[in-house]
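Chain lettering (A, B, C, D, E and F) follows the sequence in which the chains are written, and residue indices restart at 1 in each chain.
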Amino acid sequence: MVSVSEFVEGLNITVLGVTVVFAVLTILALVLYFVGWLERRLVEKETPAPTPTPVFTEAKPEEKPVIPPRDLAVITAAILAYTAEKAAQLRPLPFRRKVSDSWRLYGLQTQMEDVEDFNYEIGKW
Amino acid sequence: MVSVSEFVEGLNITVLGVTVVFAVLTILALVLYFVGWLERRLVEKETPAPTPTPVFTEAKPEEKPVIPPRDLAVITAAILAYTAEKAAQLRPLPFRRKVSDSWRLYGLQTQMEDVEDFNYEIGKW
Amino acid sequence: MVSVSEFVEGLNITVLGVTVVFAVLTILALVLYFVGWLERRLVEKETPAPTPTPVFTEAKPEEKPVIPPRDLAVITAAILAYTAEKAAQLRPLPFRRKVSDSWRLYGLQTQMEDVEDFNYEIGKW
Amino acid sequence: MTGLEGAIVEFFESMGLLNLSVGNVIMILVGLTLIYLAVRYEMEPLLLLPIGISAVLVNLPLSHIANWPIAPTLPEGMEENIFATISYLNQQYGPPGLFDLIYYLLIKTEVVPLLIFFGLGAMTDFGPMIADPKTALLGAAAQIGVFIAMLTAVALGFTLKEAASIGIIGGADGPTTIYLTTKLAPHILGATAVAAYSYMSLVPLIQPPVIKALTSREERRIRMEQLRPVSKREKVIFPIVAMIVIGLLVPTAAPLVGMLMIGNLFRESGVVERLSKAAQEELMNIVTIFLGLGVGSTMRADSFLTAQTLEILALGVVAFASATAGGVLLGKVMMKVSGGRINPMIGAAGVSAVPMSARVVQRMASEEDPGNFLLMHAMGPNVAGVIGTAVAAGVLLSVLG
Amino acid sequence: MTGLEGAIVEFFESMGLLNLSVGNVIMILVGLTLIYLAVRYEMEPLLLLPIGISAVLVNLPLSHIANWPIAPTLPEGMEENIFATISYLNQQYGPPGLFDLIYYLLIKTEVVPLLIFFGLGAMTDFGPMIADPKTALLGAAAQIGVFIAMLTAVALGFTLKEAASIGIIGGADGPTTIYLTTKLAPHILGATAVAAYSYMSLVPLIQPPVIKALTSREERRIRMEQLRPVSKREKVIFPIVAMIVIGLLVPTAAPLVGMLMIGNLFRESGVVERLSKAAQEELMNIVTIFLGLGVGSTMRADSFLTAQTLEILALGVVAFASATAGGVLLGKVMMKVSGGRINPMIGAAGVSAVPMSARVVQRMASEEDPGNFLLMHAMGPNVAGVIGTAVAAGVLLSVLG
Amino acid sequence: MTGLEGAIVEFFESMGLLNLSVGNVIMILVGLTLIYLAVRYEMEPLLLLPIGISAVLVNLPLSHIANWPIAPTLPEGMEENIFATISYLNQQYGPPGLFDLIYYLLIKTEVVPLLIFFGLGAMTDFGPMIADPKTALLGAAAQIGVFIAMLTAVALGFTLKEAASIGIIGGADGPTTIYLTTKLAPHILGATAVAAYSYMSLVPLIQPPVIKALTSREERRIRMEQLRPVSKREKVIFPIVAMIVIGLLVPTAAPLVGMLMIGNLFRESGVVERLSKAAQEELMNIVTIFLGLGVGSTMRADSFLTAQTLEILALGVVAFASATAGGVLLGKVMMKVSGGRINPMIGAAGVSAVPMSARVVQRMASEEDPGNFLLMHAMGPNVAGVIGTAVAAGVLLSVLG
C-alpha cells in the first residue's frame, strides 16, 4: 500500500527539515547572543552618563505625593474594601445585569425612553 | 390590474406560511418543555450532592473583608460623592473634553509633544 | 526635457484649481455665516421660553450632594494620592504585567487553570 | 488663454449643481428628513442616521461614491453569479465607488444582515421564552400580519416577490427585511428597509390603539404569575436545539436562525466572552455602519421616487397593525383556554421590534394597574417573534426564491 | 385547493429533516461533542465552540449556509487562481453562503491564519528566549515530532502532502496547521484543525507521562539560575532581526514569521499602542470568530467521516508525544553539556502550545520541589517552538508546495 | 542519498539570502530607518512603523507575502476593471500574498483612505471654523503650495499625473495623498505616502523659519478676540451643509469630503455614539494597520529606488514651505483688511497636518508673548485646510483622472 519511494522522500524531507530548523534557530540564537553583547556594551558606555530613558523609571518615585503612610494604608484598604464590596454586589447578579444591557441595545435601538416619551406625548392616547 | 391567479397563489402561500410558522414554534415550544422537564429531573438528582457550580455563588460573600459597617458607609458615601462630583464636572464640558481627545489623535499623530520637543531641540530656531 | 505644453497645462490647472478652492471655501464660509445668523435668530426667539435642552446643563449642579467642602477635599486628595500611588506601582513593572496578560491569552486559550485542574484530576498521574 | 477658458467651461459643465435633477433634490430632502427624525426624535438613529446621510450623498450628481445601478439588467445567466456580476458592472459602469463595494460585496451577498443577526443573538436573552414556552405561539401569531400585508400588496398590483418583501416589514425585524428583500426584490430595498426601521420606532404610536380596540379594561388588568428561573444549562442548550429544530424543518431559514443561535450560544456558554463581546460590539458596530451606508446608497431617485414607495410605506402600517392584532387575538384565545391566567396584551409583543413592543405592553399594563408587571412575560413573545419572522422569511424564500 | 396541497407536498419534500443522511447525524453529534468539551471542560473554547456549532449548522441538509464543496474538482489551470475558482464555483453550485465566503475568501487565501499570527505576535513576550538564546534549540528539537508523525502517516498510506499536514499537528500551533493544510491538503483541514486544537487542550494529559518516562527524579529537581533582565531595546530589535534572519533563510516561512514579528514589533515598540491593542483585541476577536466558523464549515460528512480522520486523530497523539520526547532528549543532552545547570524538563515546553506546556513543566517541577520555579525558563523553548514550527512549515511548503 | 543532496542543493538555491539584490538591501535599510524614526523620535509612528516594517518584509526575496507588481502592464481595457485585473494578476503571477490582497482590494479600491477620512471626521471638531468662517479662506490659501509643488515637479520632468500626486503632498494630508496617488500615479505611491507622513512629523521644523521670514515681531504679537461659542445645532448642520455644498460644486471631491462629513455627523449628532466610537477606534485602528502595511508593501526596489524618489522627497519640502507661505501671506492681507485684528501666523495652520501646525503657531505666539492664546484661532484654518486639500484633489482628479 505504501510506496517505498514516498517513504524515502519523506525521510529526505525529514533530514532536510530537521537540519534547517536547527540551523535557523541556532543562527537566531547566535544573533541574539550578539545583540545581547552589543546591548551590554552600550549600557556600559551609557552608565557614566545618565541612562538614555531614565525618565520613565526614575521620575515616578519622585512624583509620589508625600502623605502619611498610615493614612494611605487606611484609605487604600477602604477603597479596596469598597471595590471588593462593589464587585461582590455585581457578581451574584450577572443575569439581571446582562438582561438590562442587552435589551437596551437589541433591535439596534438606543435610548428608547426618550423616543417613547416623545411618542407618548404627541400621541396622547 | 391584479392577476387573480397571483392572489390565489398568495393565499396558498399564506396558508402554508402560517401553518409552518405555527408548527415550527409549537415544536420548538414542546422541545423547550421537554428540556425544562429534563433540567428539573437532573437538578433533583443533583441536589443531595453539592451543586455543580457552587464556587461562584458561595465564595464571594466569604471574601468580603470585615470592616466596621459605619466606616464602610462613610467611605462609600465619600467615594460616591467624589464620583458624582467628578461626573458632574465632566458632564457640563463635553465640548472641551471631546476637543482635547480628538486633536490628540487627529492626523493619526500621537504623543506629539515628545516629537515637538525633539524637533525644537534639534532645530534650535 | 520638459514639454512646454505640459507646463502651460499645469499653469491652467493651477489657475483653475486655486480659483475653485477659494470659491468653494468662500461659499462654504458664506453659508456658515448664514447658518450662524439663523442660529442667533432662533435662539433669540427661544430665549423667553425655556431653552430646548436645559435638562443637561441645569440638572447637574442640583444633583451635587451637599458634603462639607473640606471633607470632600480631603477624600479627593486621598483618592488622587491612591490613584497616583497605584499608577506609580504599575508603571515600573510593565514587563511582568504584560507577561501575565499575554500568556493568558496566547494560543487562544482562556481560563486554562480550570482545564488543567480538570485534566489533572481525571489524569491522576 | 483659451486652454484655461476651455477648462473652466468644462469644469462648470461637469459640476454637480448643473446636473441636479428634481428627483435628486427630493431624495436629498427625504434623506434630510430621516436625519432630522434620527437626531431630533432619536428614531432608530443607529440606522436612520446613516441611511439618511448616505441617501443625501448618493443623490449629489456625478459624485462617484456610487456608480453602479442597484437593480441592473444583466446578461442571461449572470444574475446568480455575484462575482461575474461585479466584473460585468465594472466593465459597464466603471470602477466601483465605496458604496458600490459595500452594497454588492456586503449587503447583496447577505454578509451584513447575517452578521447583524449573529450580533443580535449575542445580545438577546431568550430566558423569558425558555421559562414559558407557550408564549412562543404568540410570536407565531404575530406573523399573520406579514401575510395580510403581503396579500394586500398583491391586491394593489405588486408582484408576489415584491409583496413578500413588503409583507415581511410586519415582522418588525430590520435585518430579516433586508435579507429577504435583497434576495427577492432588490429594487425596493430602500423603501422596505426605511419602512421597517421607521415603523419600529413608531411602535409606541401604532400598537396602543390596536390593543385598546381588541381588549377590555379587565383583560388589560390581568396579572400573571412570576416566571420560573431558568438554569444556565437550559440557556446553553436552547440555541443548539433551536438551530437544529428550525434548520431541519425550514432549511431556508437556517442561515438567519443559525447565525442568531450561534451568537446566542457564544453569549450563554460563558466560555468565549471575548468573542461574545466582539459580536455585540466591535463587529456589530462596524457592520451596522456598513448596513446603514449600504441601504442608504440604494435610495436613488429612479427606484425610490415612485408611487410604489408611498404604497409600501402605507402597507407597512397595515403590516404592523395586523401583526399586533394577530398577536392580541391569539392572546385572547390563550386567556380563555388558561382560565384567565394570561394577559392578552402580551400577544402584541409578538411583533418583536425588541424591546419596544414589550415596553408598550408594560406601560399600558401599568396605566391600568401600577402594580402589574408584564415586561418579562411580554419578552417571551417578543423574542419568539424574531424567530417567527425568520421562519416566515424562510417559507417565503423557499416558495418564491 | 390542489395548488395548496402541491405546495405543501413540495415543502415537505424540500424539508431538511427528510434529507438527513446518517453522515449528517454523525457529524452533528461530533459537533455537539466539541461544543460539550468546549463548554463543560473549557477545552480551547475560543475555537472548539465555533468549530463545533458551525459543524452542526453545515450538516443540517439544504441549509444554504455552505453551498460549495471544500475540495472541488476544478478545470485545468484554475486551481491556483482563487478569483477564477470562486466565479466557477458560483456558476456550478449557485450563490455562496456566508460560510463559503468565509472559507474561500478568508481561510483559503490565508488571510485569517496570517492575521491570527499577527495578533499572537502582539500578545507574545519573547523576553525569556532573548534572555537565554540557547533555549531556542529546545524549540527546534521539539519539531522532530512533526517529522516523526509525518513519516508514520506516510507509512500508513497517506500522501506526502497529507502526511506533512498531519505532521505539523505536532507543532501544537493552530494557525500554522491551518495555514499548511489549506495549502497542501485542504480536504483534511477539518480533521487536522480539530486535532491540533483538541490536543493543545490535552497537553497536560499527554506530556507528563512522556516526561516522567524520560527523566529521573533528580533531573526533575534541578533548579536553574534566574534569567537576566532584557532591555526594551533588545525587545524592539528582536522581531526585526528574527524576521530578517528567518526570511532570508526560509522564504516560505516569511509570511507566518513576518506577521508574527510585525505584531511583536507593534507590541514592543511602545509607540503604537492603539494598533497593538487592535491587533490583540478588536482584529483578533473578529478574525478568531471567522476562523472558527470557517474551519467548522469544512466538517462535512463526505470529507470528515472517513477512516483517515480517525487515523489523523491517532497520529496527532503520536506527534505530540514524539515532539515532547524530542524536546526532553535534547534537554538531557544540554544538561550534560552544561554540567547539570539545565533542567531537561524545559525541553518539553518546546512543543509550544503556549503557555500550556510551560505550565505543565512548572507544575511537575513544583511537585518534586515546591521551591523550584521553572516557568520563565520553560517560556524560552515555548516561544521558540512557535518559530520552529513556522520554519518547519516553511520547509515543507518549499519542498511540497 | 543523492535525493537528499539534491534537495539540499535545491533548498539553498531557493534561499532568499542568495537571491538578495543590492536594491533589496537598500530598501531594507530604508525600512529600518523609518522604523528607527518612528520608535526613537515618534515620527508619525502609527504609519511610519507599519510602513517601515512591511518595506523590510517585502524586500526579503521570494517571501511570497507580496507576489504581484504594484503597477503592472495590463491588457487593453483592463485597467479600469479591478476585478478583471486581480484575476489576471493571479493568472500571471500566482496566488496573491496577504500584502497583495491588502494593496489591491483595500488600498487600490480606495476603501482604506475613505474609511480613514470617515474616522477623521468622527475625530474632528469643526467648531473653531464654524465660529469664525472667514478662517476657511486661510485653509484655501495654503493649497497654493499644492500647485506650486506641482508646477515645480512638471518643470523637473515629471508627467502631469505624477506632478499632481507630488503636489498634493503639500496638503499635509496622508489619506488624500494616498487617494490621489493611487488614482493618478500608483507607481510612486510609496514615495508620496512616505513623504507626506514624514513631513507631517517635521512640520515643527519646516514651518517656523518660513513664518519668521514673512512676519514681523509686532505681527506675531497680535492677540485675537475669543471665539464665539458654537451651538450643538450648528455643529450638526455643518457636516450636512458642507457635504452638499462641496458635493454639488466639485463632485470628484465628494467621496473624500462625503466620508469626512458622515463621520463628523456621527460625532456631532450625539445619537449614534456606538458608531462614532467605532469609526474612531475599532474601525480606525484596523484600517490604519492595513493602510500602513499596504503602503509599505509598495516600497519595492524597482519602483522606489530611483532618482525620482529623491526628487519627490525634495519637492515635498517645497510643497510644505510654499503652502505655509501661502497661508501666512493671505493672513497678512486679512490682517490689513481687518485693521490688525487677525494674527497672520494663523494662516500657516492652513496646511492642516492637524493639529501640529496649529500647535506650532501657538508655540511661536507664546514665545513672543506668553499671554497670547492663538490655538483655537489656528484650528479654524487647520481644519479648513483638510477640506481645501480634498477640494484641490477633486479638481486635479476631474482634470487629470
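By definition in this document, a residue touches a chain if its C-beta (ideal position, glycine included) is under 8 Å from a C-beta of that chain, and two chains touch if they have at least 3 such contacts.
This is a predicted model, so every value here is computed, not measured.
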item	value
Distance-maximising chain from subunit B - centres being C-alpha averages	F
Which of B-E and B-D has more C-beta pairs touching across its chains	B-D
Between subunit A and subunit D, centroid-to-centroid distance (C-alpha), Å	38
Inter-centroid spacing, subunit E versus subunit A (mean Cα positions, whole Å)	22
Rounded Å distance between subunit D and subunit F, as computed from the means of their C-alpha atoms	39
Per-residue multi-chain contacts in subunit C, two or more chains	9, 11, 13, 16, 20, 79, 110-111
Set of subunit E residues in contact with two or more other chains	7, 11, 42, 45-46, 83, 87, 249-250, 271, 274, 282, 288, 395, 399
Subunit A-touching residues of subunit E, taken from the complex the two chains share	129-130, 133-134, 136-137, 139-141, 143-144, 146-147, 150-151, 154-157, 159-160, 163-164, 231-234, 237-238, 241-242, 245-246, 249-250, 384, 387-388, 391-392, 395-396, 399-400
Interfacial residue positions of subunit D with respect to subunit E in the complex	80-84, 87, 109-111, 114, 236, 240, 243-244, 247-252, 254-255, 258-259, 261-262, 265-266, 269-272, 274-275, 277-279, 282-283, 395, 398-399
Subunit D partner contacts - residues on subunit C that touch it in the complex	8-9, 11-13, 15-16, 19-20, 110-111
Subunit D - residues contacting subunit C, complex	3-4, 7-8, 11, 271, 273-274
Residue numbers on subunit A that touch subunit E, as the complex places them	1-2, 6-7, 9-11, 13-14, 16-18, 20-33, 35-36, 39, 42-43, 53
